[in-house]
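What follows is a group of structures, each given as structure tokens.
Paired with chain B in one complex and with chain C in the other, chain A is shared by the two complexes that follow.
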Partner chain A sequence: MRYADFTPYDIILLLQGLGVTLALFVGTTLIGLFLGLLLAIVHHYRIPGCRPVIVVVTEALKNSPVLVQLFLVFFGIPAFLHIRMTPVEAATLTISLNTAAFAFVVFRSGIESIDRDQIEAAKVFGLGRSQILRLVIAPQAAAFAVGPLVGILVNQLQVTSLISVIGVFDLTKIGNILNLRTLQPFIVWAVIGLIYYLAAKALAHAGGRIEAALRKSVKWGGI
Partner chain B sequence: MIVAENVEKRFRDVEVLKRVNLRVEPGEVVTILGASGSGKSTLIRCINGLETLSGGKITVDGHDVSTKAGLVAARRASATVFQLFNLYPHMTALQNITLAPVEVLKLPKTDAEARARALLDRVGLSAQADAYPQQLSGGQRQRVGICRALAMQPRYLLLDEVTSALDPEMTGDVLRILAALAAEGTTMVFVTHEIEFARHISSRIVFLEQGELIVDLPTAKFFAEDGGLAVPRIRQFLSKMKKD
Partner chain C sequence: MRFWRVIEPYIGFLLQGFALTVVACLLAIAGAVLLGALTASMRSSGNGLVRGIANAYGDVFRNVPFLVQLFFFFYGLPELGIYIGALETGIIAMSIAGGAFVSDVILSGILTVDAGVIDAAKVSGLSRFKIFTRIVLPIAMRVSVRPMGSVLINLVLTSSILSTITVNELTGAAKIVAATTFKPFEVYAVLLVLYASLTTLLSFAISAVHHRLNRFMTGG
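The block that comes next holds the complex of A and B.
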């Protein structure tokens, strides 16, 4: 067996890469969704001074290349603040913020899609802010948001491949290593692409099921 | 008792309510009449705290709606029925009705549901308890809206043009329910364009003219030649309403 041949061990390498990609994806998704939701709530309650800041920052995140953001975080911030940052930290921070920016927009329109009239009714009947948020706004905003969010997350899964550039050993980085060793780019990248594809399909499928379940419990036919 | 004293409301620099005084005693049905834009809805919204006053004072059973604690207490004492129903679309009729009793009055869920079912039964909607607002007609939605208000067992019902989004047939259904409530002694503040109905159920009628409450009379007196009809603006308003 020559050094350049594919070996069974490569499958383990691929699985490790996939594991890193998925771990990063899940981690940044959880942080990103939480942060996006928080921003949407802060935005909704017009907490003084927060609105313009939120809008400017999320717009910047949505409208600049993720790779540039990644470089800014990995190279720029450590140089500017004289701190150390590992590739995984930089990747987590960047993708989380990026997901948060997109999630914010979806949550915000979910909240805005709700008629003010019902909120007035809830107020008049004596419900407090957090009760209105939890019982009136959240269920409707969630049903509204799931579809677009799944679309965003499928995209963010692909975006995680960029972190290989700063040296995180994710699926794409493993692809790079295998490619350099075997010099079989067609096979390597086809397999890597297929793995991303299957992961994305599984994610979309799971999202579809969540959406169906949510809509069944909120089957008012609206939205 | 609901007491409004010298109530003023401005939107930017437009004066919408000008030193309005109004008292509603328990057991009364007070109808607010007035042309479109005269401030009827705004007055109701000041009473239930959806608008903040620019001047004057409103108390509901002594609770000042402009204080935080007062507003909470005032909102427990009254309940509002809205022109466009304002139901929660993601909840069934039953859930719409039980939400506030469970969350605000802290009623056990089973009690709240029993109360809601009894009310739905009363307005002829027992079969629609599990229907979502989208699946109901306008008249049915408004009946749910009335049940939602009654489930809070309010001392005062505030109703702002609750039939004006309904077609005549459905209007009849809703008005019959309101007439029955009035006959039972439910205290109501009622904004309507249904003059004949107002005449039938009201104990008093007040007339708003460009934000000023210019007339406040017992119903019979309001429709008498030497009472409300002696005011040219009211005579004009009533004859215009008859034509429409």
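The block that comes next holds the complex of A and C.
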């Protein structure tokens, strides 16, 4: 047997890579969604001075390549602040912020999609600020936001492949290793691509089901 | 200013990288629009096989990371005996990936055209080609300028990934500058602002085109 052949152990290697990719994706998604929601709420309450800062930062994150953001965080920040940062930390920070920027826009338009009259009516009924947010705004904004969010998350799953460039051993990095060892790029990259494809499809499918469930409660009956 | 002091000696080098980014993006955009238009017409075809092939292409290339696609072409093409440079490989990969997204935009643009309008054109005796170029396309263009713009902006951002296959476009050039100056923070911060300004300018241009094409639409 030559070292260049595929071995059964490669399957474990692929699964490890997939595990790292999924763990990082889930982690950054949770942080990103939470942060995006927080930004949207701060934006909603018009806290003085916050709005322009939030808009400029999220626009910069949305309008620059993720690869450059990764380089800035992984190479730039440690050199600038004289701190240590592992590839995983840099990747988590960057992708979380990136997801937050995209999620912020969706949550903001979700909140803005709610009629002012509803909020006025809720105030008249004597609901407090947090009650209005929880009982009136949140359920409708969630149903509005799920569709676009699923699209964003499918995209962010693919974006995680970039973290291999700063040395995280994710699925793409495993592909690089297998590619260099076996020199069979067609098989290796087709398999890696297929795994990403299946993951994206599963994610889109799950998102579709969540959306259907959320929309049930706010179904538009028609005029 | 410290940022300018770091960047200044390398401005010429970075501009070369920028020129390469512009060339790659323009060629890739042209390729993506051509491929996208072809795919969109295939996806609206009556033939099930043609439609299936076009749909499969769009589906696969939208759901696989661009980096993986790029490596597939970069390492895979030489195995087929096709030896082309990294830049050419990058432009081809960007065109193919971009085409998948562009076909979506064009297809939904075509689908917004009312069937009655096309019937009316047929009755008036216009040829199929004339109907497509004079009736369907202008109407479809109006609605698809904005979504098309965001696809093209995404393509510009994607071009930074070409730096991973040894193309020294703007990001690749900045990597070299960061490595020579030992000032990665300054270099990448400037780079981030540069890309953000470039894409923001592009989105203003797209808005202008949108307003120009929709200038006859009043009210809403």
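The working rule: the second predicted complex is superposed on the first by the 219 of 223 C-alpha atoms of A that agree within 3 Å, B and C clash if a C-alpha of one lies under 4 Å from a C-alpha of the other, contacts with A are read in each partner's own complex, and residues count from 1 in each chain.
Basically, contacts are C-beta pairs under 8 Å (C-beta built on N, C-alpha and C of every residue); 3 or more make two chains touch, one makes a residue touch a chain.
Only a predicted model underlies this, so the values are computations on that prediction, with no experimental measurement involved.
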*Should A:151 be classified as contacting the first partner (chain B), the second (chain C), both, or neither?*
neither
*Using the touch definition from the top, say if A:201 reaches chain B (first), chain C (second), both or neither.*
second
*Regarding the shared-chain residue A:140, is it in contact with chain B (first), chain C (second), both, or neither?*
first
*Counting only touches as set out at the top, which of chain B and chain C does A:76 meet: first, second, both, neither?*
second
_Is A:118 touching anything from chain B or chain C once the two structures are fitted on A? First, second, both or neither._
first
*First (chain B), second (chain C), both or neither touched by A:27*: neither
*asked:* If you tally the residues of chain A touched by each partner, is the higher count for chain B or for chain C?
replied: C
*asked:* Just checking: does A:164 make contact with chain B only, chain C only, both, or neither of them? Give me first, second, both or neither.
replied: second
_Can you tell me which positions in chain C touch chain A when the two form their complex?_
60, 63-69, 71-72, 75-76, 79, 153, 157-161, 163-164, 171, 174-175, 178, 182-189, 191-193, 195-196, 199-200, 203
*asked:* Looking at the complex, which residues from chain B come into contact with chain A?
replied: 48-50, 72, 75-76, 79-80, 82, 84, 86-90, 99-100, 103-104, 132-135, 148, 152
_List the residues on chain A that touch chain B in their complex, please._
115, 117-118, 120-127, 131, 135-136, 139-140, 143, 218-222
*Which of the residues in chain A end up touching chain C in this complex?*
59-60, 63-69, 71-72, 75-77, 79-80, 154, 158-162, 164-165, 172, 175-176, 179, 184-186, 189-190, 192-193, 196-197, 200-201
